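I'd like to ask you about the structure that follows.
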Amino acid sequence: MIVPAGHYLVLAAALFTVGVVGVLVRRNLIVMFMCIELMLNSVNLTLVTFSRVNGNLDGQVLSFFVMVVAAAEVTVGLALIVNLFRLKASADADDVDALRS
Amino acid sequence: MTLLAQIPPLQIPDIAWSAISPELVLFGVGILALLLDTAGPQRLQASFLVFGFAAAGAGYIALSTEQSVLPGLVGLAALGQFALTAIWRDRPRLLSALLAALGFAGAIGVTTWQWGAYSGRLVGADAATFVGTDSLLGGMVAVDGVALFTRVTVCLAGLVTVPLSFAYAEERRIHRGEYYPLLLFAATGMTLLASSADFIMVFIAIEVLSLSLYILAGFAKRDLNSQEAALKYFLLGAFSSALLLYGIALVYGVTGSTNIAEAGRAFSSLDAPQGMAVAAMALLIVGFGFKTAIVPFHMWTPDVYQGAPTPITGFMAAATKAAAFAAFLRVFVGAFAPLQWSWTPVLWVLAALTMLAGAILAVVQNDVKRMLGYSAVAHAGYVLIGFVAVNRAGVSGVLVYLLIYTFMSLGSFGVLALLERRNHKAMAIDDLRGLGRRDPVPAGMLALFLLSLAGIPGTAGFVAKFAVFRAGIEAGHAALVVIAVVSSVIAAFFYIRVIVAMFMEDVPEGVAAEAPLAPSTGMSAGIAFSAAVMVAFGTVLPFLLVDLADQAATFVS
Amino acid sequence: MENVLTPPAGSPVDFAWLIPVVPALSAGLLLVFGKRLGRLSSAVAILSIGFSATLSTMVFAFLQAQPEEGRVFVRTLGTWLSVGGADGLRVDWALLIDPLASVMLLLVTWVGLLIHVYSLGYMAHDERNPQFFAYLNLFAASMLILVTGSSFLTLFVGWELVGLCSYLLVGFWFERRDYATAAKKAFVVNRIGDVGFMIAMFLIFATFGSLTFADVLPAVSTAATGVLIAVGLLLFVGATGKSAQIPLFVWLPDAMAGPTPVSALIHAATMVTAGVYLVARASPLYLEIPDVGLLVAWVGAATAFVAAAIACAQVDLKRILAYSTVSQLGYMFIGVGVGDYTAGVFHLLTHGFFKALLFLAAGSVMHAVADETDIRRMGGLFSKMPVTAVTSLIAVLAIAGFPYTSGFFSKEEVLASAAARPGAQGIWVLGILVAGMTAFYMARWFVLIFLGSPRWAEGVRPHESPPSMTLPLVVLAVGSAAGGLLNTSPEDGFLHHWLEPSVAAFAADGHFLSEGLLLGAALGVAAVGGLLGALLYLRVDVATVGVGGGARNAARRRYYVDEVYETIVMRPGRAMADAFAAFDRRGIDGAVNGLARMTAGVATVGRRTQTGFVRSYALAVLAGTVLIAALFASGVVFGGIR
Amino acid sequence: MLAEYLPVAVLFVIAFLFVALSLLVSSKLGPSRPNPVKNAAYESGIIPDPETAVGGSRFPVRFYLVAMLFIIFDVEAVFLYPWATVLRDLSWYGLAVMGVFVALLFESYYYVLRKGGLEWD
């Protein structure tokens, strides 16, 4: 049986929302970070679905790039988090509030 | 199988490399600098290797095609880098700084070359192959006025940032080999963003520049503020670019294309505004609004500007804004113009919010960098005026504003960097008291930049403000302009506060006399250059700038 | 303003652009090399302004040689700003040289030159006097840009620059805290006025599609009256800010904290008259909206009265002059308000002479008595410094409107036109009253300083000032005495014809009193006031009121004049002064501070959102997304309705 | 065909409510007895706290470093697959272009190597 495209979209939307909420409610930097990755990948799902619906490959091409970019983000992000952990011995987002007005 | 049947047969896009030649120059120089830095003692050999390859490639091009200009340039550049390496073999930082400056200058040169070809006056190449408002590289890159103008803006920003950085980074001991390459990569991303005609390109470019800037913001590895700035910038940037990406996905879903122009056509052909399209536009505004620091997506701005190394802050404030606004322009004023009735009110409100919030919040700041961060927010609002006036005057106003703002921002942050070098600490407004007495020249420079930011007539800032305000009036957004005037009066308060502190208050007793200011050649050169540009564009030849911008703004019908 | 000519090549007008440029260049030179030049710098400054003065004189002569209708020239130097292509806005660097501009040029350059010379002696002991002369030059250049600007925009550029320079010059001695605050106050109040000006400019542009006088002013009759009224009011708001009229006049007396030559140049002769100049320049516009003009006149009259009353109760010799400046500016606004622009400009010119003279004399006196500023601690200086005394006597007579002095003609003309304007009789009455008060407080000023018994502190050795300071006094005294010859009668005076091409003519329709009666009334009131002041203050016991000491008690016992004087003069004056001080505190400062406090309040609320927590920022981003979606939704609904 | 996307917006909201509700409920109903171990960052089962780390020594950051580098170079390879499928159509030109790409990849590899990113100590 063939699953209608709408389902994929809904799934993607749900995943995306989970990611957003995760970023908002979790305090551990690494977990927040994973939530962002989740958002990106849910968008990938959306893109692939649309690519199938629209019958051209642009979406899949973009999703390739998204993967690569996500990897690069992982690298930079983890590097920053690790460095911060070295300085503060904490990976808690709410410990990072020295800069404020 | 059905899917494969739908896929059109593949055709190889004719790749006009010269369309992205500035990006190629920047990127190539970045790689080169990185390579030479890592080569260590064998720097000279590596450089010779590069020289050999470049010369061979140039010769090949010269033989295969009748062209002589491009290969000659490549050969010269290779020779130049070889010479530089030979001379400064044992001073890697200076070498990479010089290479970076060379790269920015070269990119500007190439861009002007494109410009010449673009406006019909050929400079040694066949214009039709690579310029024109139609997008190139398989619809990925648009080489139009806005793209070229913004490229120049960005590269000028980089060109000024390099000398400002050198002594500063030395002094803060953050002068590692990646500094200038990252600067170049960030600039690459920015120029690419400014000239991207496809949402795929938009996303990639934004990520390229963001990733470089995340690292640069956190370049002071042992400085908690810098780290915090980098982390905040990173998390929020990733978050917002995810939102942007979702917006792009929705656009693609609605229109079936990632090409900006096609998407715009498909959008405008929608009979009724329909949920997905609206959501898509909203998410796009979020993505761009984050990069351009528009309220309510501005909150990272003061924190990051305060924490990041000062020259980098200046570069971020100036160049990122320019690039992001260029893409913003192409997407909304360019492609979505038929839908303006739907998005103009939104941006109107955002502009008003941004101007007022930026100006008001800046009033209560004590740290000068932070204050300038908020003022950057306010300036984004002024730029938006030229934006919501969806017309040619508006576009040219935006371009003018961004170029002038580049120099104002770099100049003021440059002076701050100069002072930080002496005081080894971030400057609060009280630290500036009596500066006009002790070192009148830097104080005068800072005063000049602040007055220009405040938009006092006779300075370039006034010309910029006038251009966008006028566009707003012409488009009938008088109320918005009035808000802008009020906001700029509020803004005048805190700019003047700094000037008063510098010139009309004395050093409080009990403050140890500071060491005399030791300005480095690079810093003074950068600051003086910015100041000269300020004065020139403020007094005698603003018309030149405005004419250029008007030419550049032609792509909006 | 109808037929605008381009100046013939080689004529002085062709080179008129050098008039502002040369002082600007010298200012730059002094700012950079001032330290190295040292004493030479003052010479450079004086030479540059002298050059401008000569050139302006040549320009004036050239214009006079031209036929009546061919005296309006626009010298275009080049494009300054051209926005929006061919049909868009285009502002040139251009000078508008017409009779009005030429007389303003003469005033600014010559008075400026005299004050430069004066500063030579006055600032001799200040180690930063290169900087000072640089600022003076810069100010002169800005003022010259202002008066020669050929469009509202260029005028505005000069307008802002003079504000900036006065800011720098008032704050010049910034060791003393109150100077800095005074400077800040001046700047803020001026900014308030500038908002009006800016908005007016945008309105003008939106209506006429241009900002140059040559395009806008002839076309005013075509525009809608509502727009004109709005523009006129907004421009006048700007004028009140710059020319210290109610309610924005409080900054001027405080600005007296600056060096005295600055007070003379900026706060008496030139900058504060910029508002009058603006209204006169825009005279065709105000001619279209006579009611707004009447409002201007009323504001001027009220200002004149209030300021004069306050001046009666002041004891600081510079503050008295400051309030008197405000009051005289009120006269000028009466003139331009009732529509007799010639009279307004005429009073502007004569006032430029005698008020500058008074300030310079005050400076010379302060030099003599060791920077004492309380006039009750002076007296009997006539014999010590005769030149200063005689010259300032001439100035006092002029400002009091003594027959055949310059002030006499100009003031009479203003009052006559006020009387001639239907519905402005009340203004005339006020004006007469103010004339009397002016005579009174100026007489008080002069008597307390120069006549009577010496009351200065021990160890003060009063002496006449050096020639570099007295020479300008003499020259200005001649001007104050003979300046009236410019326009001996409203109908066929020289200035009257001279200004015809520039400003709209005055439509006088029948005075409600005969000429003689008008003149008599004014003179009578003035004479009474003057004599009262003189006689009252020649009495040592009155002169020392408030200083304390035996004389005062004797007075209370013998003549009770103390109480009388107290009740008649000091109390109302002080009351009004206090009232306006309070108004200043609550009103202007209150407004400014309130604005600042409000801003700060909003900011403190707003900055709470800046918690420093990443997650709250992310939340803000999300909230923004929702906000935008909502805005879009409303917009879509709106679009659906369309 | 666009009409079929309209439910997405609705389901967006539903999903949001679902997530929010579940989080809320879990926070309300579930017993909340936090302890250091629970609050600690989850890093592949390694306790991040330097003091109580395994073996008493700080966990080597090389772990992350190598992991990141692996991810990068691994993911970059993703471009090779679509390229390979159409290599015939692209012919030599495509080969050259991909050569440039790989060269850049190797350049960064060389950079990592020189920076000592792959050494364990």
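Per-chain residue numbering starts at 1, and chain names A, B, C and D are given in the order in which the chains are listed.
The criterion applied here is as follows: a contact is a pair of C-beta atoms (placed from the backbone, for glycine too) under 8 Å apart; a residue touches a chain by one contact, two chains touch by 3 or more.
Quick caveat, the model's predicted, so the values are computed rather than measured.
The greatest centre-to-centre distance from chain D, using averaged C-alpha positions, is reached by C. Chain centres defined as mean CA positions place B nearest to the mean of all protein CA atoms.
Of the two chain pairs considered here, A-D and B-D, the higher C-beta contact count falls to A-D. Per-chain CA centroids place chain A at a distance of 9 Å from chain D.
Distance between chain B and chain D, defined via averaged C-alpha coordinates, is recorded as 29 Å. Averaged C-alpha coordinates give centres for chain B and chain C that are 45 Å from one another. Separating the centre of chain A from that of chain C, both taken as means of CA atoms, is a distance of 64 Å. The multi-chain contact residues of chain A, meaning those touching 2 or more other chains, are 9, 20, 23, 25, 29, 32, 53, 61, 72, 93, 96, 98-101. Counting partner chains per residue, chain B shows two or more touched chains at residues 231-232, 235, 239, 243, 253, 279, 302-303, 361, 364. Under the contact definition stated at the top, the residues of chain D that touch 2 or more other chains are 5, 8.
Listed by chain label, the pairs that touch are A-B, A-C, A-D, B-C, B-D. Interface residues of chain B, counted against chain C in their complex, comprise 231-232, 235-236, 239-240, 243, 272-273, 278-279, 281-283, 285-286, 289-290, 295-297, 299-300, 302-303, 341-343, 345-346, 349-350, 357, 360-361, 363-364, 392-393, 396-397, 444, 451, 456-458, 462-463, 466-467, 469-471, 473-474, 478, 481-482, 485-486, 489-490, 492-493, 496, 500, 503-506, 540, 542-543, 546-547, 550.
Within the complex formed with chain C, the residues of chain A that make contact are 20, 23-25, 27, 32, 93-94, 96-101. On the chain D side of its complex with chain A, the touching residues are 1, 4-5, 7-8, 11-12, 15-16, 18-20, 23, 41-43, 48-50, 61, 64, 67-69, 71-72, 74-76, 78-79, 82. Residues 3, 6-8, 199-200, 203-204, 207, 211, 214-215, 218, 221-222, 224-225, 227-232, 234-235, 238-239, 242-243, 245-246, 248-250, 252-253, 256-258, 302-303, 306-307, 361, 364-365, 370 of chain B touch chain A in their complex. Within the complex formed with chain B, the chain D residues making contact are 2, 5-6, 8-9, 86, 89-90, 93-94, 104, 107, 110-111, 114-115.
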